[in-house]
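For reference, the structure discussed in these notes is given below.
For clarity, chains are labelled A, B, C, D and E in written order, and residue numbers in each chain start from 1.
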Amino acid sequence: MVTGEKVSVDPSIVDGILAGYDSENPGTRGNLYRMLMTGRLAGTGKLVILPVDQGFEHGPARSFAANPAGYDPAYHPQLAIDSGCNAYAAPYGSMNAIAHEYAGKIPLILKVNNHDTLVTERDPIPAQTSSVKDALRLGCVGIGFTIYPGSTNWRAMYQQLREMSEEAREVGLAVIVWSYPRGTNITAEGETGLDIVCYAAQIAAQIGAHIIKVKLPTDHIDQDAARKVYESENIPRATLAERVSHVVQSSFNGRRIVIFSGGGKKGDSAFFDEARAIRDGGGFGSIIGRNSFQRPHDEAVKFLGTIMDIYAGDKD
Amino acid sequence: MVTGEKVSVDPSIVDGILAGYDSENPGTRGNLYRMLMTGRLAGTGKLVILPVDQGFEHGPARSFAANPAGYDPAYHPQLAIDSGCNAYAAPYGSMNAIAHEYAGKIPLILKVNNHDTLVTERDPIPAQTSSVKDALRLGCVGIGFTIYPGSTNWRAMYQQLREMSEEAREVGLAVIVWSYPRGTNITAEGETGLDIVCYAAQIAAQIGAHIIKVKLPTDHIDQDAARKVYESENIPRATLAERVSHVVQSSFNGRRIVIFSGGGKKGDSAFFDEARAIRDGGGFGSIIGRNSFQRPHDEAVKFLGTIMDIYAGDKD
Amino acid sequence: MVTGEKVSVDPSIVDGILAGYDSENPGTRGNLYRMLMTGRLAGTGKLVILPVDQGFEHGPARSFAANPAGYDPAYHPQLAIDSGCNAYAAPYGSMNAIAHEYAGKIPLILKVNNHDTLVTERDPIPAQTSSVKDALRLGCVGIGFTIYPGSTNWRAMYQQLREMSEEAREVGLAVIVWSYPRGTNITAEGETGLDIVCYAAQIAAQIGAHIIKVKLPTDHIDQDAARKVYESENIPRATLAERVSHVVQSSFNGRRIVIFSGGGKKGDSAFFDEARAIRDGGGFGSIIGRNSFQRPHDEAVKFLGTIMDIYAGDKD
Amino acid sequence: MVTGEKVSVDPSIVDGILAGYDSENPGTRGNLYRMLMTGRLAGTGKLVILPVDQGFEHGPARSFAANPAGYDPAYHPQLAIDSGCNAYAAPYGSMNAIAHEYAGKIPLILKVNNHDTLVTERDPIPAQTSSVKDALRLGCVGIGFTIYPGSTNWRAMYQQLREMSEEAREVGLAVIVWSYPRGTNITAEGETGLDIVCYAAQIAAQIGAHIIKVKLPTDHIDQDAARKVYESENIPRATLAERVSHVVQSSFNGRRIVIFSGGGKKGDSAFFDEARAIRDGGGFGSIIGRNSFQRPHDEAVKFLGTIMDIYAGDKD
Amino acid sequence: MVTGEKVSVDPSIVDGILAGYDSENPGTRGNLYRMLMTGRLAGTGKLVILPVDQGFEHGPARSFAANPAGYDPAYHPQLAIDSGCNAYAAPYGSMNAIAHEYAGKIPLILKVNNHDTLVTERDPIPAQTSSVKDALRLGCVGIGFTIYPGSTNWRAMYQQLREMSEEAREVGLAVIVWSYPRGTNITAEGETGLDIVCYAAQIAAQIGAHIIKVKLPTDHIDQDAARKVYESENIPRATLAERVSHVVQSSFNGRRIVIFSGGGKKGDSAFFDEARAIRDGGGFGSIIGRNSFQRPHDEAVKFLGTIMDIYAGDKD
């Protein structure tokens, strides 16, 4: 396990998080523990995960041309280690290309389904591109799985997730779910609307996610039925921290780790503000792909380091 | 193993290529090694593979009438040996007809899925026509599998490939993926557009291909989102060698063997120019079907010999 | 991963050891790496493992009465962590009693077969008391398995080991073999005779052990056929370091990690001398049970610390 | 759930006991909880279980002639309910005869292996007479399994137990092990010797028992190697309470529920004294068969009631 | 495929040998072909195989002390390549230690059963130490299996061989059988008696061996019933070449490859005479372990080279 500079750690934090997973077997709990105890944020209860599935999702040039070192699949796990990330996530091919060298050095998450952008689908459903058996063979701590709540294909995805997560849990792996609302049932604005994001987090938790990844929500409320409640109950949503807090609440009130994706390109200071909001709202951290690996290595390490400082409370 | 005239060989070349496959078991590595150490190009790190699936894909007359010796399935593996190819690929029937005689004499690749042209499909998906068990029984070094990224049937193909490649890898076979963009989502020009070809190569690598076969790309960029990146990053694509280099980069930066198909009929000198571009761009070789077996045996041997000379550096 | 005070580490040491395991899948390699990178000796290439199967093997009073804290199965993994061990090994019941809390905190090795001393057998064979599935569920890095070469029941044991180790390797676990010569074919003196111990190590390596545990050998040679060779070839065996070196040589010339058990009670200085001999002979470390957990916690931590100092080269 | 007169209950007692089973899945934990929360002793952390396998083990007349109502398998679960027992245990036939009526009314334990006395074996091994599937179908909370440590057939029994308990745990059942030392390796006196009983309890715990049933030990020490330790460490064993305490210690220091059988016929006051010793030594209760069902119903209810009063602390 | 200096080759020789295997599937034929076309003797129809299972069979010191380089499992496949052997055979551990590097470089034969000499058995039966699945994963061309005809355990061995060879043939592997008469039914002299050796070869052929390995026979006839026929039919057996010829005849009259082991230490010229007799009697070659790897590398290469010269007809 490669670790960065250690922050001071209160052991009860991680134990407190794991208490939410008491029904899981020791194997799964151990793998969650390993992620929580790796890297710069080890023991803080916060996580920053480096995911690199963009080669599959957006194509190689759009993913790696900005920093061509990233065409090499070995670049990314090394970046994850150098910057002190808690884990590295990738699809089968990228993972297989580096696991012989990196298994054991940093927690690996096998992204077992993927969607490319050669086909545009209004109601997407990913393809299953690897298996739980692959994850064990490659020495991974867990599997990553994307669902698109709101897609007319929701049933098939939820059922695939259920089957793979059952299989994963039996062999002691953790299940990380990317939950992205999308489809004819969801407006573009709705995809990041607070009610929809919270609903997507809840669904992931219900189907068995151990770690949930959603986008940072706006204050938009998309569903009429939901809007009535948000208004009658005066659910605070003006600040991003309030909205993060509501997502955490919606993810079993903090009994499931929920982390946030950074989304599109933006200025670094906007990014750092988001990290502060995640921290202040009680979120568990970030999953940051393009915004880290598309800049030069040393800049990425510095950029991720600042985010980790914010999470660790070493920086306002 | 039948070998042609040996070129001078630097053992570190093949070892270097195999280092990209360190996570594979010794069986798969051994079969990749066998292909890399067979024929005229043994040890050079370059491959020329003879594929004969046109009887299935285009029908017998379109495939073999130009050189009727090719109606006989035994003609082709012998041509592959006589010309010093690294391997011979064919569908089940052709392979089964000759394997009793040729297994062990030249690496055999069983093409396990196929599509015919009696049915025209805008969004094609091949039929699975043989199995991993067949490949073992017939003494093959690997399986060949076609995917059509961009087809609305992409998901089923990717999942079939995932399952068969997992099965193949477990028993020590290599997986060769023909990745041909095609479907309602891809324009005719786009099928060989640089961005699309690179994307198709990346997808094949991600799902687990050990060897990737794509078409030589044009300088056309098909996707708007990609075009922005090609332009902003000034990715060189004026020459074919530059484009080959970009495909290799997109295939895990050289950690996966990527070879190119010759495409349609053209003059021999155009062909040789393409081989030079593949060589100069760092490509790993060619898969040449129609352009070799549709001419008389001795001409084909000479034609392939010239291409191999180019790859081996014995000819400019 | 809990670590003690770090010693200065040369990363090439662990990479060098892992090179002997290149044929293993990344999962197994990752688990070996985790053991080598945990605790006080992380990165030194040396291991001290705490095994507690004596409750099963010798009964509870003989095992724990000297330090009654040890009746509690949670005492031992905590001792392993506090003293900076690389791993903790125990049978199913003890492991299951603590895995919910300790999985992920220290590498766990599930001892999957056991023998009690309610039945005395001249030619022993253990009972299989847990499974590879259990090991995954409990979050273990590997399985431990005892064989008794020389027992007339050798065949059944070897075959059980073969089956379980094949199953374990497929899911990325490591296999640790306790190889103890015993049976009607072996004299009491022979059980620790140099030729016999080396033979037992070789057998464990041949059946597929990733880590081999044997007793420290005496200079006795038990088999006539072997004695001739030891004499004619002048194999050095006067010092313990020379004998350790010969065991390492017999374990694929250092391509397999071989560690030594301390055996019966003795004075601490004798123990430290043995550690020096293991270090000087190129052994990989120790597995120390009774001599650590049968003394009070703080004394045990100090005792193990001295041994680790010797291995780390921080103490002569 | 039929309960007797409730005693005042401290909820932390049962939670404390369940903490020893944190690695178990919620199903198994739930079934342990149900037993601990049933009957007169619900919530006290004590159990009295009624087992009726004597029809199989000793034949019907020896078992039921003294109180012929007991020939009817429905007599016993009703007695268990009427007397406020925590659970009722029986072999397949007896259970199957009554489960249609009693499942859900009192926790049922299916005794899945049995031995009859038509065959006398020096080194016994029971026959497997029912399955985990049977236990689920009959609505049982767990399976009961007998092992005879010390029998030369130990290995087969341990391995059967391992397999059945793995299967039982996966479907959320509890595993209750009757651990009775017996065989050519154990003297008659040794069968109830303190060292042997403790060893038998330890073995049951190691193979995966959730509840262990042993005989009350005498102060005899049977094994020479053990005697040395009992003497050197001055392990107290003069009183029955001290010996019970040592058995509990030997069963993972209280992390496993251990209950005691009454053994042969004796006067009721002797029985009550034993219950006091079990209580005072920290034992978890009794399993009482012949001494209850071989007397008339109302006497049995009264007899068991007195024992429960002692356990509940309502009676000295 | 590494090859030595090529001898002039008549392709019809290998085709003629393969005609004996017409019923085998192409995979098995291809693997036989690969052995026949590898190394110094490629294409001659002769084979020299290097087997190194002595570490398991005789213990490490007796095997490797004479040439300590041999303690390293990588020494042997390299020696096999350097000396131009057709194949290398070893047990699981030795093979696994080197397959990542050597698979594909020389045909590998996994020795799937083994016997050690810590247990002396009058009627031996080896332990199964690896599987057909292992052989595929490690990239082997076949499995090696020892039977001891004449052992009272003959039935179990023959049945194990039948099962494993059926499994091996289905996946295209070759089956090499070490057939060594031994047991209470065979006198010491009988073990190498002509009638017994021929009988052992016949049995191996009957159970499905593709390649048979026996010891060179003496002119002793062990069985009375056989002696009558040898005498009445005047079967020539005075010279070693005549006896070899009779063994070949007994192995389906040349339709099965039969090779001979050199047996114990002897002078090199005696060895070369044996090779001449094998050649002149129509034998297919040798399997030479101790006599090659127990001498220094360059001497071994020279020694094996001389034997190959004899087989190739380049030397009288």
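Basically, a contact is a pair of C-beta atoms (placed from the backbone, for glycine too) under 8 Å apart; a residue touches a chain by one contact, two chains touch by 3 or more.
Since the model is a prediction, treat every value here as computed from it, not as a measurement.
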Study note, to complete from the structure: Note: chains that touch subunit A and subunit D both are C
Study note, to complete from the structure: Shared touching partners of subunit C and subunit D are A
Review point. So which has more C-beta pairs touching, C-E or A-C?
Key: C-E
Check your understanding: Rounded to the nearest 5 degrees, what is the angle of the rotation relating the C-alpha atoms of subunit A to those of subunit E?
Key -> 180
Check your understanding: Using CA atom means as chain centres, which chain is nearest the centre of all the protein shown?
Key -> C
Point to revise | Inter-chain centre distance, subunit A versus subunit C - centres from mean C-alpha coordinates, in Å | key: 39
Revision key, fill the gap. Whole-Å distance, C-alpha centre of subunit B to that of subunit D, is 68
Point to revise | Centre distance in Å when subunit A and subunit B are each reduced to the mean of their C-alpha atoms | key: 36
Point to revise | Touching two or more other chains - residue numbers and ranges from subunit A | key: 22, 25-26, 99-100, 133, 138
Exercise for review: If every chain is a node and every touching pair an edge, decide which shape results: line, ring, star, complete or other.
Suggested key: other
Check your understanding: Which pairs of chains touch each other?
Key -> A-B, A-C, A-D, B-C, B-E, C-D, C-E
Review point. Can you list the subunit E residues touching subunit B in their complex?
Key: 1, 22, 25-34, 37-38, 99-100, 102-105, 133, 136-140, 170-172
Study note, to complete from the structure: Note: in the complex, subunit B contacts subunit A through residues 20, 22-24, 149-152, 154-155, 158-159, 162, 166, 181, 183, 185-186, 195-196, 198-203, 205-209, 223, 225-226, 229-230, 233, 235, 246, 249-250, 252-253, 255-256
Practice item. In the complex, go through subunit D and note every residue touching subunit A. Key: 22-23, 25-26
Practice item. Can you check the complex and tell me which residues of subunit A touch subunit B? Key: 55-56, 58-62, 64-66, 68, 71-74, 91-94, 96-101, 114, 116-120, 125-131, 133-134, 138
